[in-house]
Amino acid sequence: MANPLLSVENLTISFGGIVAVRDFSIAVEPGTIHALIGPNGAGKSTTFNCISRLYKPNAGRIIFDGQEITHLPSSAMAGLGIARSFQNLELFNELTVLENMLIGAHVHCGGSFGDRLAAHPPAVMREIDAIIERTGLAPYRETKARNLDFGHQKLLELARALAIKPRLLLLDEPAAGLRNREIAALDTLLTDLARKEGLTIIIVEHVMALVMSISDRVTVLNFGTKIAEGTPAEVKGNTAVIEAYLGKEVALHG
Amino acid sequence: MQLSRRLLTLAGLCLAASGLSPVKAQEAGITANSIKIGMFAPLSGANFAYGFDVANAAKMYFDKINKDGGIHGRKIEVVLEDDRCNANDLVAAVKKLVEQDQVFLLHGGSCSAAVVAAKEYVVRQKVPLVMLNASGDGALYPPTDYIFGAFSISQYAVGGAMVDFAAKNLGAKKIAYVNHDDAYGAWNLEASKFDAEALKVDLAVESVSPTITDVTAPFLKLRAANADALVIVTYARPAALLIKKAAEMGFNKPIILSVTGTANLAQLAQNVGGPDALKNFYIQEVLSDLPGGPKIKWVYDMYKAAYPELSAKAEHPQTYMPYGIPSAMSIVKALQAAGPNVTREKFLEEMKKLNFDSGVMAGPVVFSATERAANKATVFIKYDGTNQTMVPGVFTSRWKYKG
Amino acid sequence: MDLELAILFLQQGLVSGLVIGSVYALLALSIVMIFKTSEVPNFAAGEVFMAAAYCALFLMVFRALPVWLAIPLTLATSFLVAALFRRGVLTQVAKASGSPVNLVIATLGLSYVLKGLVRRTGYGDTPRSFPALVSTDSVMIGQASLTRLDMAIFVAAVVVMAAVFWLFAYTKVGRSMRAVGMNPKAARLMGVNIERVHMLVWGLSAVISAIAALLIAPKILMTAEMGSVVTMAFAAAIVGGFTSLPGAVVGGFVIGIVENLVGLFISSRAIVVAPFLVIMLVLIFRPQGLFGGRFAIKKV
Amino acid sequence: MRIFGLLLAAIVLIALPFFTTGYVIYLANILLTFTVLCLGLHIVIGEAGQFSLAHAAFYGIGIYVTGIAGTKYGLPFPVTMLIGGVAAAAVGFVIGVIALRMRDIYLALATFAFGEAMQWLFQNWDAVTGGPNGLRIAPAHLFGHEFVTDKDAYPVVVLFALLMIGLTILISRARLGRALRAVRESEVAAQAMGIPVQRAKLLAFGLSAFFAGIAGGMFTLFSTFIHPESLGFSTTMLALTMVVVGGLGSIGGAVGGAIVFGLISELLRQAPSFQEIAYGLILIIFMMYAPKGLFAFLADKFGRARHG
């Protein structure tokens, strides 16, 4: 394990007595796609929100590129190059796609005083337009986010996160509710980002086809603890994982 | 007709068409056969009762003058604006009358704190301002050449006269004094303290907000000062609450209510819970006779004749209606004295010489080179809920404006 | 201020505070009821209170109806006007944009319309007394003196509060009101007619304001501006947490007592500012008020 | 289309003093002052979505500080106004630090309480504000020239109104404007984009107080008598109504709302007995049928390009 881009060590999070995540650790290699899977209520989203600094952990450390970020506020993440998308869409609904993207690029608009004042700082605009093209949102550039259909809203979530030009991208169920054609497009996009452009991705997802296809490593959570970790193939055959998802008897006769 | 003409002018502003400002007459507001007077009073909102019928009284007096041939052959033409009894709207009304309607003189103001806001502008424009019934002491001291007021009563006189009456007629050594935390309260308290010192009487003061709902606290503190008399210088509602609380708490010393609180005597008796709250009770009055009494009956008759449909309504004529007469009389007298080719300067000179008894107010209207407050005399009436008996003598305040 | 006088003031302050506080509590209840179910702070609560008092005065004094007929008529009219305003106006405003600011401005519009209407009748100018249904001779509790009317106000107010709590807690209508407050979408799925519940809540809130008006009118005299007492009720509702009915009641008594004690021990001029200082103090230390629900962490 | 609108407005502003009476100029001064006041509300509610109801208090601080700085310390006009604006902004920051820990309705109620407490302070701090008697201040002066009549003050009022409109447009187009709108739309997403949400809200609060303070300073240009009566909740609600009726969230809405609604309440002065009912009905009808405000309503109806 070369030095990981992100390492989570003995993370424990509880909400008023209920321990949601217990002593959880993972290490994510740069340029790889690392999936977090597990049945509902396994603590996936809680871990995800803790890594993106929305929740405060009760114990444990989070280290990004050698620097401890456990106690930084979530507003500091974008500056470090950590971007996230939201499970049930937190778009700026009254604003247009372009303005959503400009806000995504907020940390890059602070360069010179000129940049701060400009409605459309030229350098940033070039990058944003590239992302808009790439995610197929070009025709909707001036449409208000709330007027987009669900599929395009999900794409905007992803595009806005990419506007941060992150080194680590945290995706919370990006494929939930998408049709197969859209999932295929997402598959190629994410693999290109990781393989070709060296972007590190942590993805929480239920759509197993996508997870198995794009992930380099998979970690399985159940009742807040890690029960398995490895390549997609290894995890697929692991009895503990099957048991967690499908229950005990099947595992015996299977 | 008048309303739509005004709307047209202002609508002109909306459409950004810039209406030409009228050409300057040789003397603003004067034509061969008319003198234009710009009147303003609270015609709406919470203080409607303080000014609406006062303005009507002044208008009806001018109509009578017009019927008797006007002034040197000129009819008085009145333009009336609603000043909503607040500073911003009053200044807007005054500027509209002076610059848009080009009136000869301003005749208005029932709310003292608001009329004071117009002082600067009126003096700068050199336009005469004769107040309606506002005491407006803030605009009368230091005296200016252009502003005359306190035709009802100066607030200084209100406060001072109450203390004077309580000390002299009721032999009170310690007086409990309740006023408001507004401009009125500041002026009447200043004079009361002045008179109290002169009469070697000490004063226990409680200032309450006009919107007070529970008067228990201020009343208890006054009772604790065990004063010989309770002097109430507030508006009608708080006054009634205090008198009712006094009766409930078995307060048996004399209670004196200032003219600002006597909105409607019959209603007052009902509001305080019946006549036994008024066993030892006096009210201050500035009219020359009991409301509706013989000396001022002609005013009420003129009102009925001039406004039949209004007087049919329950609430009219409002209590302060007769206060509109003395200021109208003063204007007419000064205009007559100023002669046929009247100018603002001549009119102002004549105003300063006025010294006449209007027959409506307790005291005469007296102006001089340095005096701008018309009436400083008050009388007191013993009132037991049904009949009123005048206490002989006129009472005023020793307070003088020290330059 | 010697000790003996201070004790007298304390007793009187508490007693008077409880009486006036019970009316503030009723008004605060009517405000919180509406806020709990529709997230709208009702800025017309004061004018509904005032208009109800004038409606009763009109029926009793100018139409000389007997009391047992005038009061139910007043309560019914208040219920109808409020329910119609909710159905006719607020539903459309909510549909049109649904942002709370617009709903607040609509209630502000209602307050101006009601004030304008009462003033056009001409009865709003000089202060008027409301025939006291209970005698006003005074009674002593400890060193504090009180009138029978005051006691009647306190008792009636407490009875009405109990009735409201009972309705909210134990009746079907009450449960549907709470459901609409917590989660309108889910309530609709459970077959609750949202619109009918909102009309009921607004109507009930107007009835409570009307009762508060009938109780307090003989004590504080009536003018078209008497609606300004609602600022105290807002203070009471805020202190109580603005989303809790018991909070509104406690808040009402707190504000009533604080108002009296400040008047007695500090200065009469400070009475007006006391409730605002209480609001700021409470909100600084407990942003959700004394009884308000804890801030839910936004589920992401 | 918008260029034509701006051109027309420019012609009116320049031509007004030469063709109309002092009364119309006084009205224009009041409307332009209210425009700047409404722009302040636009920033804190329209852009940042923070429901503040203390606006009249900052307006009052602006008026008193500017007036006293000019009268007692003899400072020239634009300096006094800036001091007024900065003083209001400072108080805005302090209150913001406390109030912005709260959300939506509690923020509105806490700021409402602060606004009422400030009005009580203006009414009772006799030594400084002249208390209930009001305060008479010396006319504003600059390089020895005193602003006495409305026509004197008019060009300066117009200048500062245009400056503040420009500043609002600048803020709205800049990164700060976008950050404020992000906070309004979704605080948690704004945070994830690297926007320090609490600091952004505080900045919006301070800026809005600064605008109100500047509006207060402008008021002292054409009025030398300050009365606390008009510095309470009714003025805050008038400004809020102007912004909402004009169109919440758009600069054109705030400016248009101030001008149009300011004229409506002046026109209503001509129909005294109906004005309260008429004012109330206008509010209700607008909220029912033109929720996005007058300008959005007109734009939809006549298909003109949207303002702001």
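Structure notes:
We call the chains A, B, C and D, going by the order they appear; numbering starts again at 1 in every chain.
In this text, contacts are C-beta pairs under 8 Å (C-beta built on N, C-alpha and C of every residue); 3 or more make two chains touch, one makes a residue touch a chain.
All values reported here derive from a predicted model rather than from experimental measurement.
Of all chains, the one whose mean C-alpha position sits at the greatest distance from that of chain D is A. Compare each chain's C-alpha centroid with the centroid of every protein C-alpha atom shown, and the nearest one belongs to D. Averaged C-alpha coordinates put the centre of chain B at 36 Å from the centre of chain C. Note: centroid distance chain A to chain C, computed from Cα atoms, is 50 Å. For the pair chain C and chain D, the distance between C-alpha centroids works out to 32 Å.
Across the assembly, chain D contributes 124, 188, 273, 275-276 as residues in contact with two or more other chains.
Shared contact sites, meaning residues of chain A that touch two or more other chains, fall at 54, 86, 90.
Multi-chain contact residues of chain B, defined as those touching 2 or more other chains: 44-45, 181.
Per the touch definition, chain C reaches chain D in the complex via residues 35, 39, 41, 89, 92-93, 96-97, 99-103, 105-106, 108-117, 119-120, 231, 234-235, 238, 242, 269, 272-273, 275-277, 279-280, 283-284, 287-289, 295, 298, 300. Within the complex formed with chain A, the chain D residues making contact are 170, 173-176, 178-179, 181-182, 185-186, 188-197, 249.
Taken together, the chain B residues at the contact with chain D in this complex read 3, 6-7, 10, 13-14, 16, 18-21, 43-45, 81-82, 84, 86-89, 91-93, 95-96, 98-100, 113-114, 116-117, 119-120, 124, 138, 181-183, 185-186.
Put simply, chain A touches chain D in their complex at residues 52, 54, 73-79, 83-84, 86, 90-95, 99, 102-104, 106-107, 109-110, 115-119, 160, 164. The touching residues of chain D, counted against chain C in their complex, run 45, 51, 98-99, 101-106, 108-110, 112-114, 116-117, 120-121, 124, 187-188, 237, 240-241, 244-245, 248, 273-284, 286-289, 291-292.
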